[in-house]
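All chains are identified by letter, namely A, B and C, in their written order; residue positions are counted from 1 within each chain.
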């Protein structure tokens, strides 16, 4: 789940247009044959014959002959640039600066969840230039030829990005995407209400299972993958994409214990609940807690908030920006991507957003000195080493999804 | 003869609508529950021909319905919540309906208006109101702390089954009182006076005359709120954030929010409907009987 | 002394206990809603701590008030749009169905009657799931406003039938038969005699459908597509547990006002036309008939 995803409208069905269905179901036979032969075995197969990326099975997304990148050296179009993004996910001030500098207008349309976004993009009625996507749907978008490969000659600022993300495992050579933000999942707690924070435990995740005295004030993310993964990590199973029903089943039983012990709540409102004090211990995304200062009630200092996440084997999420295949302003779109990757504008964006762009220039200690992040929340800053030694939640096959959903529905049944 | 088709023809558009948008969709639930799933988009693939229905999903669901398993636990919890809430609604609603029907004379119009108002206030608005009071710094906690009953704010909204049941009662009792009042109102006073004339005390009249006569009304009104309550999921979602209080509606909702198992969701809907079919048939029987006779004597 | 003893010996005789329970219930039922309405006028951001009186959440606040926040305003507009469409479609269908069912003498009437009663007793989630599935798999209707309207009309029709039918039964056939005796055709009798008599019931059913549509949650949510098709109940559902501002209370208050005005209108029109026509039936006042709607 993306931190900006809203729960109320998740009931999308993907109405793929005829061509897309053919592309995804028939697939590129040549590609599949190549995958079968080319030693990518072990990686589960995704739609359209593109293997599902894993950290140890990096995927070079194919470039189809009928979907090639634009030519280099063209001048930007007049606009307006149509951007398709999550709600509240880019600093309006940065967008305005872009508009002034390039003398164009930028229209932002928002979506609340990926399936809604994909449904709109495949309906054939929408015409956007730029789309903010996630790893989960990247391979589908490529297989369905929804997005076009990017032309790096327009993206000189890509070298500002962490080296390990310039050619990420899910999109080797950054053929289709540039990274936008990085976040991790950790534990937020109220230092003034909770005696022992996660660092005081031998296994920090144990704080949830030993918080009986805080019953009713404990929350985990209302996300199937994130919540069960935390239980897996507590048991030192460092594979958030496991489809072993025993492991996932055990994770579910552990979470069920939480239901009995502490009446655990499931929500994604940690970013307001923890500052407000209605939740004292919560699983939380890093960017949510970075934004805590704006949610603190009057009279409560932000220093009461603590945030912990592991140095290695933390769940690291990332999202990216892509250019849509039918973009009317592809060159302008590239320039927008390049603009956001610029060091100054990237930091500007982060100061408003709370979620960190993976720019090498960003120095965690400098961020504190510059007042972007309160001193007690430096752990919300994600470093390149976190990404290198982190874990990613990635798409599963249908059988895999079933295993996880069954576990989740059992947990949600409260039994 | 044009006459024979005159009146039915007025009913045709409405009936056709209900067939296309109520009856056929019901069949679609069966077709999906006994169908398959397209693996790429996780869309359900319905099987319209009953001869090709696949029962593996339903078998799995029924398997999990056995005592001790997942769906059993949720169904039992739902039954318990509905049962307690219904009892609470009747305990509160019957005296009010009775008073309105039999006693309030001068204030009757005013009381009826006050009764009707919450009936037309959106259910979620009433939950919003209730939640506003139950917040950690809300009026309920403030009052209880001022009075000294509580020393620190209580987490009413932190996964408490009592909060969910109270919310269900608060939410559904208006839907019970009005039909109950309507049916109590219809009991002719002459019958009750006859009972009194024959020497029965007020309590006795109530127990042996009024109560039995209002039996149909009670049962019909109970069924009328129990049915939607069984499918309720939003009350639990807004009052309690915890899986501890989830009802069968929450499970159904879960499978329709994404993932490859909408067939399971459809199967659960079928199981729920079958369980409610008994209640539904009873209600229909009572309604049809009642509509044939204007008053209950 | 004697009165106290009488009261004690016979607490049920005097309806004191019942009166207390009834008034207590009224308070318990309405006061929380009143408090929520009150907080919509709160000056601060809290929904539970009073910080002064202000209209900021209605139109004052330039970003977050109902008037200025596009998602809130959009929800209001969508709610009203769906209600209007629902009224315009469901009422004619329902009136026709009521006419047909009441007057139909034949084998078809029974099953159609059952069919009409079923939506009244079906849990909303069952209806929402079935509509969602049929739109996605067979009818290929995309989710959104169209789907929402289709769904809302489906459960509204039965309510219209109930309202109109009770009025039809109390009117009886006498007026039409008199008109036929005087030479009017069946259609003419219907148009010139029955319809005017039915007007208050039709108006009442319009208002009932309005209120039903405005307050509906499950079906509307299941058939919604994105933020632009969210209605006020959906907004409340997704916002109520977070730290939303009293703008949510303001939004809900506007909806409640709209509904109460609609129902109040229905009541007054109904009663006025009733007394003008001096209806023969003595069993029900207008209040009673609105109250008996659920049956």
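Points worth noting:
We take it that contacts are C-beta pairs under 8 Å (C-beta built on N, C-alpha and C of every residue); 3 or more make two chains touch, one makes a residue touch a chain.
Note that the structure is predicted; figures quoted are calculated from it, not measured.
Contact counts per chain pair peak at B-C. Taking each chain's centre as the mean of its CA atoms, A is the chain most distant from chain B.
Centroids built from CA atoms put chain B at 40 Å from chain A.
Separating the centre of chain B from that of chain C, both taken as means of CA atoms, is a distance of 17 Å.
Chain centres here are Cα averages; for chain A and chain C they lie 43 Å apart.
Within chain A, the positions touching two or more other chains are listed as 7, 11-13, 267. Residue positions of chain C touching 2 or more other chains: 132, 136, 222, 237, 241.
Contact with two or more other chains is made by residues 43, 135, 157, 241, 256 of chain B. Residues 6-9, 11-13, 15, 87, 110-112, 116, 119-120, 123, 267, 269, 272-273, 276, 295 of chain A touch chain C in their complex. Taken together, the chain A residues at the contact with chain B in this complex read 7, 10-14, 16, 21, 24-25, 47, 115, 215-217, 219, 224, 259-260, 263-267, 277-278, 397-398, 401-402, 405-406, 408-415.
Across the complex, chain A is touched by residues 132, 136, 140, 142-143, 221-222, 224-227, 230, 234, 237-238, 241-243 of chain C.
Per the touch definition, chain C reaches chain B in the complex via residues 10, 12-13, 15, 17-19, 21-22, 25-26, 28-30, 32-33, 35-36, 39, 46-49, 92-94, 96-97, 99-101, 103-106, 108-109, 112-119, 121-127, 129-134, 136-138, 150-151, 153-154, 157, 161, 186, 211, 214-215, 217-218, 222, 232-233, 236-237, 240-241, 248-249, 252, 255-256, 259-260, 263, 283, 287-288, 290-295.
Residue ranges on chain B touching chain C, taken from their complex, read 2-4, 6-15, 17-19, 21-26, 28-29, 31-32, 43-46, 92, 95-96, 98-100, 102-104, 109, 111-118, 120-133, 135, 137-139, 157, 170, 173-175, 178-179, 181-183, 185-186, 202-203, 206, 220-221, 223-224, 227-228, 230-234, 237-238, 241, 249, 252-253, 256, 262, 265-266, 269, 272-273, 276, 280, 283-284, 287-288, 290, 294-295.
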